[in-house]
Each structure stands twice: as C-alpha cells, then as structure tokens.
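Everything below concerns the one structure shown next.
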Amino acid sequence: MAPRTTARADRRTQERTKSERWQTALTAIGPNKILIRGYPVDEMMGRLSFADAVYLLLMGELPTPAIGRMLNAILVSSLDHGVTPPSTLAARNVATSGAPLKDSVAAGVLAFGPHHGGDIESCMRFLDRGLAITREGRSIQEAAAALADECVEDGIVPPGFGHRFHTRDPRAARLFQMALELELEGEHVRLLRALEHALEGRRDKMDRPLPVNVDGAIAAISADLGFAYDLGNAVFLISRLPGLIAHAHEERTRQAPMRQIDPKDHVYDGSPERRLPQGRK
Amino acid sequence: MAPRTTARADRRTQERTKSERWQTALTAIGPNKILIRGYPVDEMMGRLSFADAVYLLLMGELPTPAIGRMLNAILVSSLDHGVTPPSTLAARNVATSGAPLKDSVAAGVLAFGPHHGGDIESCMRFLDRGLAITREGRSIQEAAAALADECVEDGIVPPGFGHRFHTRDPRAARLFQMALELELEGEHVRLLRALEHALEGRRDKMDRPLPVNVDGAIAAISADLGFAYDLGNAVFLISRLPGLIAHAHEERTRQAPMRQIDPKDHVYDGSPERRLPQGRK
Amino acid sequence: MAPRTTARADRRTQERTKSERWQTALTAIGPNKILIRGYPVDEMMGRLSFADAVYLLLMGELPTPAIGRMLNAILVSSLDHGVTPPSTLAARNVATSGAPLKDSVAAGVLAFGPHHGGDIESCMRFLDRGLAITREGRSIQEAAAALADECVEDGIVPPGFGHRFHTRDPRAARLFQMALELELEGEHVRLLRALEHALEGRRDKMDRPLPVNVDGAIAAISADLGFAYDLGNAVFLISRLPGLIAHAHEERTRQAPMRQIDPKDHVYDGSPERRLPQGRK
Amino acid sequence: MAPRTTARADRRTQERTKSERWQTALTAIGPNKILIRGYPVDEMMGRLSFADAVYLLLMGELPTPAIGRMLNAILVSSLDHGVTPPSTLAARNVATSGAPLKDSVAAGVLAFGPHHGGDIESCMRFLDRGLAITREGRSIQEAAAALADECVEDGIVPPGFGHRFHTRDPRAARLFQMALELELEGEHVRLLRALEHALEGRRDKMDRPLPVNVDGAIAAISADLGFAYDLGNAVFLISRLPGLIAHAHEERTRQAPMRQIDPKDHVYDGSPERRLPQGRK
C-alpha cells in the first residue's frame, strides 16, 4: 500500500488560527490615514527605499540598513534575464494578442512554476533539511557531504544549483560577497556554499558541473533573514515583475501583433556594454 | 450612422516597427554575463536601489538621484491599502482555495481594471488632452478651467480625483511636496493642481468634493518624468505587488481555508500607530 | 420580481441597477437543492446537453432544439487550432515551468486579446453599425456596400474577415450551412454574407482576399441568437478551453520541462485523416 | 532526517519522451483544413455534441454514445453553484474593477485550488490507492474498510466527501444513477460507494456525516472512464467555466463598479423553481 499522505493531510501542515474571525495585521485604514505595520505611509515615503518598505510590509518590522541594502541587491539581481525564460515568453505571447499589459504580467507570473523561480522555495526547504542534520550534532560540512552523496546517488540536481546558460552565475557570486561584507551570512548560506564545495569534489560522478545559481543564493540569504518559504518565491516575483512589464511593453510597441514568437530568433539592438559612473554610490 | 472607429482602426494607433525581425533592447545574455540596458547586473547590485534599476530597465538610462528618490517614494506610496480593494479580495479569494501564492498574485493583478489603478493611464491621457489646449496659446489655468467646466457639465469625475475613503489623500500631498523639493514638478503636475483648484471653485455644482488622489499624483509625476501611458499603470502594479503578496500570505497562514470573505468583517490586530526612528534618513 | 431584461437589451445599453443591493438571477442554492435559472440541476443532467445548459445559464431560458444544435456546432468549431495560436503558446510556456494545469489554462485565456478571439465582439459591433444603416431605410446590400467601401478606403480589414492560414475557412462555411438548414439565419448573418460578397467585388482594390472567418460566422450567428457582445467572446472562450487543456496536458506529459518553445518547430504524430463512422448521427 | 523526496525528485514521476523534438498528436492544420485527432472539424460540427468532441480531443478516440451522454451529464453537473464559491467571488471582484470579462474568468480559474475542484484529482489518487489494496487479493469492501478506518483514525475528511452546504449532494446521486443505467460503473465507483457505506458505519466516531459529493462522483466516474488525474480536474474546469462567465457578465451589467462584495449579502431575483418540459429528453 502506498504512503497514506493525502491532499487533506497536507493541508494540515499549514498552521492556522482557530478563530473564525478575520484578523489582519498588515495595514490599518482610517480617514486620510494609511498605517502600514503602524507607520503612516506618507511618513515612509521619501525616508524608506521601496525595498525597505517591502521588508517592513512582509516581515512586520523595519530592516536594519544592512538588510535594506541586501534586499535591494536581491531585488536587482533577478530584474530581467532576456527573452528566453518561459515567464517572459508567456507574457509576450499574451501581449501579441493585443491584451492589456496587466494581462501579460499575470500570465508571466503564472509561469513562475516549480522549475522557474520555484526553486527558491525548494532550496530553502532542502537547506532546512540539511540543517536538521546539524541539529543532531554533525557539522555543516558533514551535512553538506550527506546531501551531496544523496544527490549523486539519486542522480538529482539539487534545487538552487546548475543553470541553463551560466557555468558561474555572476549574481550568486555578488550576493554572497555582499552577504559577507554586510555580515549577514548565516547557516543557510554556509551550508549552501559547503554543499557547492562538496558537489565539486564529486564532479567525476556527475554529468555536468553544478555551481550555485542565483535562486540558490536568494534562497539561502532569504532563509538566513527569516523569510517564510513562500515569501522566498515572492521575493523573486517582486524582482522579476519589472522584467515582465518591460518585455510586454516592448512587444506591444515594437512588434507586429499576432506574430509567431520563436525564442531563438531575436536580435539585441540595445546599448553596448557600459560601466556605471564612478560617482554612483 | 455611428462613428466609424473600429477595433482594427484603434490598433493602428500603436506605432510599430515595420521590420518582421524580433528586436529587443532590454537585456543581453552571454555566458556568465547579464547586461541590463548595457550594465552588468552584478555591478548594479549594491550600487543601484531597486527603484533605480526599475527606472533603468523601463526607460533605458540611469535616473538622476532626484528621480531615483522620487520613484522610490512613488513605489512606496501604493504599497498596500488594506483588505478592501477588489485586487486584494480577488487575491484572498484565490488564496482561500489553497492555490499557490503566485496564483493569488496573478488574480490580484487582473483586478487592476479601469476603475482600480487604471485611473493612472486615464489621468495621463486626460492631462495630455488639457496640455494640448495650452499648445494653442492658452494658459494652464485656462486649460484647467476648460477641463473643470467640461467635467461639471457632463457630471463626470475626472480620472485621478476623488476617493472612496479619503477626503484628502495623504499620499498625493506627500508626492507633490517631494516633486517640488526635488525640482521635478513639470507641466502635468501644474495642470493637475490647477484643475484641483478649479474644481474646488465649482464645488457648489458638484455632488461631493473631488480632491486629487494618489493615482492622479502618480499620473502627473510619471507623465512629467516621461513614462509612456501604460507604464504609468505599471508603476502602480510594481508598487502594489508586495501588498498582494502580503495579503495572500496572511490569508494562507492565519485563516481557515474555503472561508467566505466579507470585506466589511475584519479586525486589525497589528502594530498600533508609531513613528519612524529619527535617525532613519 | 424584477423585470426580465433580455440579453439583447443588455448588449445594447449595459444599463446598471441603481440599487446598491446585490441581485442575482442565475442560481439559487438551498439545502440539497441547486436551481439553475429555476431548473433543478439534477433534473437537467441527462436531459440537457452541455451546450443546452450553457445557453440556459447565459440567456435565462431553454434553447429550442435548433438553437441547441447550432450552439453545439459553434462550440465544436473552435475547439482547437493546433500549436500556433498565442493562447496555446502562452499555455504551453506556463506548462513548461511545471505550474499546475489550471495556471496554463488561465494564461491561455488571458491571450484571448482583441486580435485573438476578441474579433467576435468587434464583429458583432461592426454588424450592428451596418444594421443601423438599414434602419434608415436602406437595404442590407446597400449597407454592406457602404461598409465595404469604408474598409477599402481606410485600408482596414473588417473584424471577422481574413485568416493567417486559411483562404476559405471550413468552419465558417459549415456554420452558415447549419444556420440555413436550422432556419436560424437572421439579419446579422445576411449582412455578413452580403459584406463578404461586396468585398469580393472590390478584390482589385485590396492587398489580399478577405473571406469570412470562423470568428465572423460565430459573431453573426451569436448576434442573431441575441447574445450580448461580451458573451460572443465568451462563446469562443468556452469552445477553446478544452484545446488549452489538451495542449497543457500534452506539454506536461510528452515534453521535457523548461524547454524553448518555437511554434515553427513541431511534428504532428497523431492520427492520420479519417472520417466519422456513418452511423454517427 | 526527513524523507528525502525533493521537488526535483517529484518532477521525475512524470513520464516524458526522451526526444527533444516537439511532437503533438492533437490537431493538424493544413490550408483550409483542420483535423482534430484526424477528423475534419467541419465534419464534426453538427454530428458530435460539444461533450463528444471534448472527449475526442482529450482522449484521442470518439466516445461511445453512453460515454457521450455520461460526459454531457458530468459537464452539466457543475455548471454553477451560486455566488459563494471562492472562484465566483474572485471572478466578481475582478469584474467590479472594470477589467475585461476574460480577466474575470482567468482569476476564477486560478481559484480552483486544492480545496475547490482540486478534490477531484485528490479523490482519483485516493481511490487508486484503495484499489491497490484489492490488487493484493482483498475485496473492495475490505479496501473501503481500510480506507475508512484510516480516515477516522487520522481525523481526515477523505477527498470527495462532505459538503459546505449539502448533506446529500443531488448531483452525486444523479451521476451514480446514470453510471448504473449506462452500464459505465467501474471499480472506482464501486470503491467510492463502498467507502461511503463504510464511513456511515463509523458515523459515531466522526464529527459530522460525510456523504459523497459531486467532486467524488466526478472523480470516480472519470477514473473509470480512464481520464488522467489532471484531466479529472480539467473536466470540472470545463463544466464551471460558463458559471464564471455568467457571474462576471451579471456583475458587469447589473452592479455598480468598485463595490464591496460580501458573499452573504445577496438576493436571488431570478426564475422561481420550475420543471423541464416533458418532451425535453
């Protein structure tokens, strides 16, 4: 007989209030007053960056300046990845039908499935499973080795590792560097990096190298910052939304309607590579 | 015979490239390299705020520091507005069915219809219609008076004015104050304010006062910054996305599934009103 | 009991109740009882076809047998159109991300924009504009000539005419044949056919032939049946939904995840052409 | 250490072709020719009911007349359930924002989460788990008893049982009656009914009675007909789509925009209860 997990049983794993009353702790609205987590929104405007305000709304308290900088960097990291992600293609296929921009965005959001963005949540859970091993008295290196052996044995690509295009994801490297500099590195980041090292050591047993990708880095840092699993994916969603908007807008303004969109057949005609001005922060 | 505008004719109003080739100017992807509008994304991380990066992606060039601050404030302004907006209720009704968080978000985005967020685009177009009058040699005050007379005569609430809850929208006031201080006020803002003044002068001919709301302020400032009409709505979309996420997450974690969601029946149990710490920028 | 507004009247005016009260005339739910437009749903099951029941729900009364047959044929006509429509590609791009099947379907629905399915509503409005000419005492042929001249002069493709692939849409031909046989042809169908004839007569002044397509046929027949404008599009939506489902399901079960979907690069490996068995109705 | 199933591992459970080539077996498009599963669509129109055509598209072959009647009844069964389902409320909340009808429909589809419609797939899997017991040589009654004991012991409501409103779901009863009459009852239906009987026998150990609901009946019959798990949910989706459309249309035409939608505060003003005309087979 198969394991007895049913959908109904799964539902139980979410903790919920017993109360039937609808309680909300996010935003209080009064006449001419909007309090987000207790702070007047007009007072927040001009004093908090958008990333700071997002942290406040999702987590309930103001971020430290270091966390604010980290979250800005995370949100910048996944802003866009060109025309080939399925979410971008879903958004452009909706745009070519002449639908409103928000419809393109909604379709793009729906394409953030388990294989695309969803890896953040999977990786957060995977790392917590590894950290459970350390709670039993083993080191992070030992936990990483156990996870790596398991992946090699089962032929599994762990969530947060590998990339379709990149052999070394520059966004992951930068996020880890910032986490270190801002003294925000915690056990999830340490385990992820130990796991990357352990996988490198088993390179001969794997089809291809499996470097940490940006999803893995966001997952580990978000977990260290205390984000809930599904908010890890939400961070990616906030980050990529402007990318979906930019592609939908470009499709609407530069291409003929009802065209056949082949992701391999495009030409980049934008700015050549350039550097940020020195004075820029 | 009715006017001959057909859907097909409307489509023509969008300019499009003649080329059949797919050209994109947003993001170039190479091995281990991601260039957004020409800048390496890993160089942007830590040096640009998320709002700066959004401006770069949508507009093609880096914002000035003043524009960056303005955009941060705009994005903060509409972060959330409690449980009653239709978008929030759509998101929560999806969440109560046990659907993934991203599905709630997509449903919320779909509720940003013409009456909800869509006012930004309508207001941008409305202001440009007023400014067309000034191109004919009349003053901004005269254009505002003409628009106000038109609204009063037709019994129309102009887009960007009036609010279900607020008689004076604190977000609009703060946005105008910042636009003034940052020297970003342009003719759209001036016309909008002149129009508000003109409507006040016709108060006896209207059912209710029509103060400028946050949509109007975002519309005027976005237009002054040079955003395309549909990107005005997109700015609202980026701003409110975290609100949709926060409500969907709260619904999933605090409420019983499959409940009947009555927007009038909720209790706020979050932080009492508080002030930002002095040191906070 | 409120006056029984007909769908046709709704279409023309879209009047709204002044009442703040929420009134609904669709379905009444009681303990162990579900009444759709007054009929117990369990009594409908086995006695009404799905198409009959759809008509009842949308229009308020049972269809005649002829209308039921016509609606079944309309719903079959647009069931699927292969892999190239933007809606199908949006659905498949969502499916390749591993998202739930319903998310693929929702994304596909969003791609039914003005250029894709939306032509039905545009065509219904276009035909009503032509019929307004006949109300002024001119014949259907004269109205068709006026519309055709207008299209030729403005270089406009009228909604419901022309097709990316087909020079003679077999679905339109069959729908017209059935409307004739079932004695359901009305003035919208007659005007549409007169317009097709008028356009043929101006062939030398147009880039390409513009035969009636399936959208045009659905629009004219739906209008003759009294459907409101947006319900014309809804009929297409109901018809194509199984197509979206079938493609999403096929993508999930036959293709590797996170693939790059190029609409021009596919192979048909299904059943060869075959005929329905003789006995089949 | 927790069980080692990861999201990546789960992905493996779907069988996929090894081929990188995109193969499709649904619809072949040629000039002026549309073949669905090999049959010309214009030949299908007028000879197949919509339900027949849906079966053909999803399953690959024509249904027998009995299966066609059964599927028509299944599709009618869940056509609408009034204003209170979350999907209906999501659709109406989108409609009140002034968004296009298809946006309301997409939002409604997104609310078909695990607790709403999703039960069909869960129930199909649950029944297959029970049937696995019979493969080991035990009777359907013994399998039902084992499942019932498990549910009682774990305090679990099995998928397909219980209803928010109904103590005896009239749609389930009618579906079972038709399956019997049409000689389509198979082992899934027999197990479901045995399980209902077994649960009744344990009534004293449960909070409330758990009669089979319409989701359970659809699940069992769909499974007996050979539908894949996710196509079970898809059948519900096709069935309810017209309900979403009808509610979105009614919201747009009868209610003021931007209203607060309280599911408990509505008045039914439609047709009183009535019977189908005798002649109506």
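As written, the chain order gives the labels A, B, C and D, with residue 1 at the start of each chain.
Here is the rule we use: a contact is a pair of C-beta atoms (placed from the backbone, for glycine too) under 8 Å apart; a residue touches a chain by one contact, two chains touch by 3 or more.
Everything numeric here is computed off the predicted structure, so don't read it as measured data.
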Comparison of A-C and C-D by number of C-beta pairs in contact, larger one: C-D
Going by average Cα coordinates, which chain is farthest removed from chain C? A
Between chain D and chain A, distance of the C-alpha-averaged centres to the nearest whole Å: 33
Could you give the separation in Å between the centres of chain C and chain D, each centre being the mean of its C-alpha atoms? 24
Take the average of all CA coordinates in chain A, do the same for chain C, and state the distance between these two points in whole angstrom. 40
Hey, what residues on chain B touch two or more of the other chains? 11, 84, 98-100, 103, 106-107, 110, 112, 257, 261-262, 265
Given the complex with chain C, which residues does chain B contribute to the contact? 1-2, 4, 6-9, 11, 99-100, 103, 106, 110
Across the complex, what residues on chain C touch chain D? 1-2, 10, 14-17, 20-29, 31-51, 53-54, 57-58, 60, 62, 69, 72-73, 75-77, 79-84, 98, 100-103, 105-107, 109-110, 112, 165-171, 173-175, 178, 228, 230-231, 233-234, 237-239, 241-243, 245-247, 249-250, 252-257, 259, 261-262, 265-277, 280-281
How about chain A: which of its residues touch chain D in the complex? 1-2, 4, 6-11, 99-100, 103, 106, 110, 114-115, 118-119, 121-122, 125-126, 129, 132-133, 136, 146, 150, 154, 156-159
In the complex, chain D touches chain B at residues 84, 86-87, 89-90, 93-94, 96-100, 103-104, 106-107, 110-118, 164, 257-258, 260-265
